[in-house]
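Structures are listed in the sections that come next.
One chain, chain A, appears in both complexes that follow, with chain B as partner in the first and chain C in the second.
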Partner chain A sequence: MATNKVKRTLFFEFTKGLWNESPVFRQLLGMCPTLAVTTSAINGFSMGLATTFVLVCSSTIISAIRKLIPSQVRIASYVVIIATFVTVADLFLKANFADISKALGPFVPLIVVNCLILGRAEAYASRHSPLPAFVDALGMGIGFTFALLVLGTIRQIFGTGTVFGLISFEPWVIMILPAGAFITLGFLIALINFLKQSTKKKELAPACEVK
Partner chain B sequence: MELLIIFISASIVNNFVLSYFLGICPFLGVSNKLEKAVSMGLATTFVMVLAAMVTWLINNLILIPFNLPFLQYVSFIIVIASLVQFVEMFIRKTSPALYRALGIFLPLITTNCAILGLALMSVLREYSFIQSLVFGLAAGLGFTLALCIMAGIREELELAPIPEPFKGAPITLIIAGLLALAFMGFAGLITG
Partner chain C sequence: MNKILRMIVVLTVIGIISGAILALVYTWSLPKIVENETKATDAAIFTVLPDTKTYKKVVALDLTYYDCFDESGAKVGTAILCQGNGYQGAITLMVGVNADFTEFTGMTVLDQVETPGLGAKIGSSDFERQFNGLVTKPPIEYVTGGGTVHLPNEIQAITGATISSAAVVNIINKTVKEWLQIK
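Up next is the complex of A and B:
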């Protein structure tokens, strides 16, 4: 029974990052990389993976040493831990995937100040033991990667004017320019708000009738 | 002349918010009132100029001579965080009125990626000390400009009938997109 409960909560911690508390679409965290690197699906995906790596490692470490960190200097300590893992990720990308590293440019080092990572460290990892912190970070990271992949795919399809080489049409140049990033994300969030509101209405409707 | 080009390029043509997507969090968060936007922009500009100076000194006097460039990220972010803390304490002691105006925004600046982005970019472009100083000032003013325009539009927007799902972040993002489009008109001002 007890293990069952633990499992269920862990599963809940994992899935909340995917949809209900999706970092990009619902919490609006980590917007800078989201908008900047999603000119193509592969760029968005690799940025998502790099961020997930840093998020998972730093959340686990922070939660493991959370009792050793004095609360006055906790933010500074978190930032140092995060910056260390970002350096690791950056050097790894530079050594093995030089093209992607060049395309992402200064946005790999900027993972340090991605508010998603510091936000999870402060709101979750500093209060939970390593295992839930690990699962929470993994869920959030995958949710973030998913959002970046979706945004990157949409912008790539419209910006290059082909759907994976199957259908081709006049490319919308604006979609790969900065303006396209803002507009696409705006419409995506509006769509998700719309879906959320219409499901909420359906849930509320029978309750009102009973009353 | 070269300094002028850096200034115009960083403040208008390659605006940090609208073409590099740096500092989006405060751009979306504090752009609902014009007054707040001005204070936030000026505080950020101030920290940016200081950060550009200090990170240049650290990079050229410590990291490069001792062959430690892999410590760049760690050292830059620590310096920026402590700089913000120091500025906050300094302003509180010397000018309580200014502190009240800027106070709550100062801690937020640490996690503003525009600051770290500025430091990293001036390293990447191998700017001299004076050049990075001008670059910092221009980027800060450009950030303030974008924030103020956005705040002005959003103040008007409060009275506009916006479809329900677009309220809040989505409409702000779309307006930012249109602004970015408008700023692209400056692209011909400078070549390269």
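Up next is the complex of A and C:
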């Protein structure tokens, strides 16, 4: 029974990031890359993967050494750890995927200040053991990637005026411009809130434990 | 005291480990990054001067240009790296001139942050192709709107993106002028 319970908890920790507590649509975290790089599906997807990598690595490490870090310097320590993984991701992209790295530009180094990562470190990883922290970060990362991919796909379809080369219509230039990001995100959040309201009976779990 | 010492030790250890990891990753990725940059430069030079087999990089003052040679070692021309301000940010492009400096052999935009769908069309092949065979003297001019190209030094500006088109023309004219003074 005991193992069953642990498994269910881990499954819950994983899936909450995908939908119920989706970083972009529910917590509204990491808005800067969400709005800035989702001009195409591939850009959104690569940004999501880079963020997931940083999130998973830093959450796991922070959780593993959480008892060694004095609380006065915890934010400084988190930032150093996060910055290390961001630089690793940046160099990896530059070395192996030069085109994607060029398209994402300064937004890869800016993952350092993505509040999603510091948010999960402070709210979750610093209070849980490495395994749940890893699962939580993985769920949140995949949720983030999914959200960016959806935004990128919608903006790419309207902005370039083609649906994978099958149907073509007059492109809406505004969808690739920053305004298009706000419009798309606004409609998506409205849609998800609407869906949420129709299933309101279900209890929502808070993003972090309330103390 | 003990508390302060612990903070210092923990932060120092984290810093040292992070530094070591970064040093390792940097050493691993540096050759690949340099190789990617070389590849991008090669591709740009080949676009503006298709007959190039070897090239020699020259850096003089603020200017970078590449003297290009074909397989027999004869000079085919020069690819000049140009940089300047566009509508929203810096534009970097490569322009090729033939060996006796009578005409442009091509232009390719390497880096730009112009408006997508409008100014960003300076990177489209339709716009870039206009520079093939353009005469070098007098300096390049652009025609806007309904105007048509008459002279061999004219290009058609992009509709709705005159500022970006003019920026490209100005950047090329200015850089070529500077290059003539130092070459």
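Going forward, the second predicted complex is superposed on the first by the 200 of 211 C-alpha atoms of A that agree within 3 Å, B and C clash if a C-alpha of one lies under 4 Å from a C-alpha of the other, contacts with A are read in each partner's own complex, and residues count from 1 in each chain.
Throughout what follows, a contact is a pair of C-beta atoms (placed from the backbone, for glycine too) under 8 Å apart; a residue touches a chain by one contact, two chains touch by 3 or more.
Every value quoted in this text rests on a predicted model; they were computed, and no experiment measured them.
Q: A:S168 contacts which: chain B (first), chain C (second), both, neither?
A: neither
Q: Would you sort A:A98 into first (chain B), second (chain C), both or neither based on which partner it touches?
A: In the superposed model, A:A98 contacts chain C only, not chain B.
Q: Please determine whether it is chain B or chain C that touches the greater number of chain A residues.
A: Touching more residues of chain A than the other partner does is B.
Q: Identify the partner contact of A:L35: answer first if only chain B is touched, second if only chain C is, both if each is, neither if none is.
A: The first partner, chain B, only.
Q: If we overlay the two complexes on their shared chain A, which of chain B and chain C does A:P178 touch? Say first, second, both or neither.
A: After superposing on A, A:P178 lies in contact with chain B but is clear of chain C.
Q: Between chain B and chain C, whom does A:A76 touch in the aligned arrangement: first, second, both, or neither?
A: After superposition on chain A, A:A76 lies in contact with both partners, chain B and chain C.
Q: Contacts for A:T87 in the overlay, against chain B (first) and chain C (second): which applies, first, second, both or neither?
A: Once the two structures are laid over each other on A, A:T87 reaches both partners.
Q: Under the contact rule defined above, give the chain A residues that sit at the interface with chain B and also at the interface with chain C.
A: Of chain A, residues 76, 80, 83-84, 87, 91, 177 contact chain B in one complex and chain C in the other.
Q: In their complex, what parts of chain C are in touch with chain A?
A: Spelled out, the residues of chain C in touch with chain A are 3, 6-7, 10-11, 14-15, 18, 21-22, 25-26, 28-29, 32-33, 36, 39-40, 115-118.
Q: Provide the residue numbers of chain A that touch chain B in the complex, in ascending order.
A: It is residues 28, 31-33, 35-36, 75-76, 79-80, 83-84, 86-87, 90-91, 106, 109-110, 112-115, 118, 174, 177-183, 185-187, 189-191, 193-194, 197 of chain A that touch chain B.
Q: Across the complex, what residues on chain B touch chain A?
A: 18-25, 28, 70-74, 77-78, 81-82, 110-113, 115-117, 120-121, 124, 163-167, 169-174, 176-178, 180-181, 184
Q: Okay, in this complex, where on chain A does chain C touch?
A: Contacts found on chain A: 39, 68-70, 72-73, 76-77, 80-81, 83-84, 87-88, 91-92, 94-96, 98, 159, 171, 173, 176-177.
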